[in-house]
Amino acid sequence: QDKSKLDEVLERGHLVLGTGSTNAPWHFKSVDDKLQGFDVDMGRIIAKSLFGDPDKIEYVTQSSDARIPNITTGKVDVTCQFMTVTGERAQQVAFTIPYYREGVGLMLKADGDYADYEALKEAGSSVTVSVLQNVYAEDMVHAALPEASVDQYESVDLIYQALESGRSDAVATDQSSLAWYMTQNPDRYRDAGYGWNPQSYSCAVARGDQDWLNFVNTALHEAMTGVEFNFYADSFKTWFGKDLQPPQIGFPVEYK
Amino acid sequence: MNEFLAFLDQVWLARFVILRGLGLTVSISLLAIALGSVLGVLVGLALTYGNRPLRFVVRAYTDFIRGTPVLVLVLASFYILSTIGIELNAFQAGVFALAVFCSSHVGEIVRGALQAIPPGQTEAAKAIGLTFSQTFTSVLWPQALRQMLPTWVNTAAEMVKASTLLSVIGVAELLLRTQEIISRNFMSLEFYFLAGLLYFAINYAIERFGKYVERKVSVPS
Amino acid sequence: MGYTLNFSAVWRSFDQLLWGLLLSLELAIGAILIGAVIGLVTAFGLISKSGWARRPAALYVTVIRNLPILVLILFSYFALPQMGVRLGKIESFVATLAIYSGAYLAEVFRAGLLSIPNGLKEAGLAIGLTPMQIRTSIVIPLMFRNVLPSLSSTLISLFKDTSLAAAIAVPELTFEARKINVETFRVVETWIVASCLYVATCTVLAALMRMVERRLVISR
Amino acid sequence: MTKNLLEIQALRKRYGSVEVLKGVDCTMQQGEVISIIGSSGSGKTTMLRCINMLEDFQGGRILIDGEPIGYEERNGVRVRKSEKEIARQRALTGMAFQQFNLFPHMTAASNVMLGLIKVKKMARDEARSVAEKWLERVGLGQRADHYPGQLSGGQQQRVAIARAIAMNPRLMLFDEVTSALDPELVGEVLQVIKDLAADGMSMLLVTHEMRFAFEVSSRVIFMNQGVIGEEGDPKVMFLKPQTERLAEFLKTSSFA
Amino acid sequence: MTKNLLEIQALRKRYGSVEVLKGVDCTMQQGEVISIIGSSGSGKTTMLRCINMLEDFQGGRILIDGEPIGYEERNGVRVRKSEKEIARQRALTGMAFQQFNLFPHMTAASNVMLGLIKVKKMARDEARSVAEKWLERVGLGQRADHYPGQLSGGQQQRVAIARAIAMNPRLMLFDEVTSALDPELVGEVLQVIKDLAADGMSMLLVTHEMRFAFEVSSRVIFMNQGVIGEEGDPKVMFLKPQTERLAEFLKTSSFA
């Protein structure tokens, strides 16, 4: 009998979107102080579906660990903040369909000693990889390069710094971050051409409001496969530097 | 050298953002200090002149607040207040938390200052026929104010420092602004340094101002 | 509004909170131990007659006292490595907190040192002790007894400041509480319990320090 | 019969369980100067403080010009008057303290003016000229704009006396006003009191200066353990004490 | 010729521009007990403090057993000795102060032991037994484990004397050791000093107790405005003062 969030948002006239502001290319501030990034564009897609205007959004910037509390305490309508889908989290919030599949990639210096993943693997234990500090960091690297030595650093800028200064031969981190960094610094780096460790990113809404979840799902789905594909593809091109093939026409790709 | 020029270039690009962050930091601090001081004076009065039950309640309040880290106060007022039906946005919740924190300190300062005034002052005022409220406003409070000024200025500086904690709940004050800029250009060393410099400037200004006022109102002897 | 408190999710993760609390305590104690050494050296600098010792000490105290500790923490964690100083999370945090508390303790110690009657130092000189021996056997032990109350309030505020380590993902009490929030979204309950843990620990710390004060107080 | 200026009837005062005043009776006419002497702890200060309602008292009555101070009977029950009423009654008496108790944040003139403005509701200008007149009277016309911290003890005490006198009280109470003073400053304060006495001011003074009490008072009261041990003409009291106690007290005191 | 224990030659001492000692000459043999008297500010304390190098001095020499104290000539330039060397020389003299200056955080025994352990490098046990012996000698054998705060002034001063004596100094310096004591405690301290004198300890004592100086000393020095005004046998000095100044000083002092 409760009114759906959908009606509430429509009535209000704008969407309250939870996201961060300090992680390129997902959510960060442009030089003229506009929130931008791939997560932000997902929110804009939802707003456009709601009001026909992608700018009708009120942003709530939040730290990573505020993502779930802000949903459950109703401070945001929806959160799009590179949120990795896990079963544990799905018990607390309702995830939408994924809008990106992340993997770990390897970045090399363009003029470095190693040409690609194969060369790295061959070099065995003489390779050093810099990664973000994490409990799983070592295992994660060894899944791809079993003999490489691993240097862990505390923040993203430092792993790049390590590669730049020759303290490491490769950087292993989210492919999206790598892609962004490479677009920002053209011709200096090279993708080693190997990805692993997949995880899905979804938006999330409060549990128990199927109408609202359906709506957001529909908006995202049609952006990836239907009328708003160009919006999604432009965004993808902007933040990841890759052109997407338009969805195949005819039998829906989902059921193949 | 080149790097430094690049840094200056980034600062120039981000100048409005930094200024806006600075402005927000200053307004958060001012609001929190103002609200916290008003509340703190009430707390101090209750602690000094309140009857037993009131004193007990207020004492429990200050002890609890003073025993809790400010960050926890900030997080708690952002999340807890909304679940009990008080809808505050991040800015309001943050200012509320800082004001509450400030009030517990100012409360203690006020109590200390009032209790440090010799009882003879009250008696002399009574003896010429002043009522309590006249005694308070003409005799006790002006003396207490002078006495507490230095500690109060310290507290104000503490509030400026504590305003950084609002970055955690997404209030775009100076520190969060700095982090945003760093995430764009990866110049963490330079920009944290810049932020430090700005905070230092604010607090140093407060300190100087405090000294100035102190000199101004000091009673000749 | 009908919000019903339900602490069961918090109790399930209560041991995490306790481990976090323990780490908080360790961080605070580690920081105050190192901070006391820094503060002591700085305090001797502050009371020194030589400007070469006094000026840097005064500069250090003024600068640190006027900087937000969160900025210091982030600076030393994210920015210092660029200058070649790489420390682990916990080491970096403890070092920062130590440097921070050092500035406050320096002022405390300075007052403590100045309060020691000159006659005691002269009595030490008169029996042939060197100035260094006088410092270690007489001045510092006496000073510590004098400043014990300030020392204990510094310890307590350091303990509260450890909550800031959450910003760099050190698994202390606040970090654990935030983690539980993310996992269970029992936000109200978690913060109530965390606050109570902080307040209780502060109270116990204060009581313990008062006991130490009573033990060490010089009988009259 | 002349109406009594002050009438104390069976005054009793306890601190906790200790009875400090055990039934004091005493009357005083307009224009009298009464010295109260007695050993330390005998209750002299307490009696003065009760007259000025700086202390509550448990039994007996104090009347000034026939008006009962501090308490009234209501339906046969003794109740404390309202704070406001008590404040008014306090202004009937002026009090000078051992510790001067000047307001340190106000100039000498402002100290005197405060009560005139707040209690007597005088205009500032008028209050200022009254204050100047009285400061002149105590020999401090030049010091009107000095702060207490800039005055010697004796000067401070004279300002304090001016502050009390300016309120035009019916009765002045002096509580050992010279004991906190360096010996060389005592004289200037005593001279002020003598002048006031000569002007016909009614005064009740607690003092340890026996010679002064002898010279200035029209009557002397000897307090002993919470009651009046002896009272009468100073010449009789000092030269031919009637009671053992007083004789003994005079022997140990400085009067020679 | 017997070698002098102490030899002061043309001692000059300035505080800033004020000359406090204006050329003091004096010699002292082993076993002598010399009292220094003189009015306040005449330089008695300063002289003692120079002998113990608690004050630097600008001119003249002080020799103990022929060894120059505090300064040496190097290439014809007068230089201050090293802190370490000065510390060693300070241990040649023992000093007792007006304000006792016991270390409040140490027991009586520990006060005495500190110098023995740190300076004389004694083992703890040995130091303890030496300390106990000396505390016994000053009549405080029972109080070895009391803290200064638990002792009377006179007891504290006796501990302070024991602390100095235990270092086995060549010469004891006493600076008005009884002036901070209540009159009834003076006797016990003077007795200790008398006993030490009887044992043949060489002593230089500044005192205002003329009777005591008269009884105990083998020689008396009268200081006057930074120089020695008169010196000699106590009987001559006190009973037949040669100079006007001394006669006057004795008149105002308590010696009668």
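For reference, chains read A, B, C, D and E in written order, and residue numbers begin at 1 within each chain.
Keep in mind that, in the parts below, a residue touches a chain if its C-beta (ideal position, glycine included) is under 8 Å from a C-beta of that chain, and two chains touch if they have at least 3 such contacts.
Heads up on the chains, UniProt names are C = Amino acid ABC transporter membrane protein 1, PAAT family; D, E = Amino acid ABC transporter ATP-binding protein.
Nothing here was measured: the structure is a model prediction, and the numbers come from that model.
Drop chain C from the picture and the touching chains left over make up A, B, D | E.
Shared contact partners of chain A and chain B are C.
Placing every chain at the mean of its C-alpha atoms, the farthest one from chain C is found to be D. Chain pairs C-E and B-C differ in how many C-beta pairs they share in contact, with the greater number at B-C. For the two copies, chain D and chain E, the CA superposition rotation is 175 degrees, given to the nearest 5.
Chain D and chain E have Cα centroids separated by 54 Å. For this pair, chain B with chain C, the centres built from the Cα atoms lie 21 Å apart. Chain A and chain C have CA centres that are 39 Å apart. Once the centre of each chain is set as its mean CA position, chain A and chain D turn out to be 84 Å apart.
Among the residues of chain A, those in touch with two or more other chains are 69, 73, 155, 157.
In chain B, the residues that reach two or more other chains under the touch definition are 79, 83, 168, 179, 182, 188. Working note: touching chain pairs come out as A-B, A-C, B-C, B-D, C-E. For chain B in complex with chain C, the residues that touch the partner chain are 63-64, 66-72, 75-76, 79-80, 83-85, 157, 160-165, 167-168, 175, 179, 182, 188-189, 192-193, 195-196, 199-200, 203-204, 207. Residues of chain E touching chain C in their complex: 52-54, 83-84, 87-88, 90-91, 93-95, 97, 99, 101-105, 114-115, 118-119, 147, 149-150, 160, 163-164, 167.
Partner chain A is touched in their complex by these residues of chain B: 13-14, 16-17, 20, 79, 82-83, 90, 168-170, 172, 176, 179-184, 186, 188. For chain C in complex with chain E, the residues that touch the partner chain are 117, 119-120, 122-131, 133, 137-138, 141-142, 145, 218-220.
Per the touch definition, chain C reaches chain B in the complex via residues 1, 3, 62-63, 65-72, 74-75, 78-80, 82-83, 160-164, 166-167, 174, 177-178, 181, 187-188, 191-192, 194-195, 198-199, 202-203.
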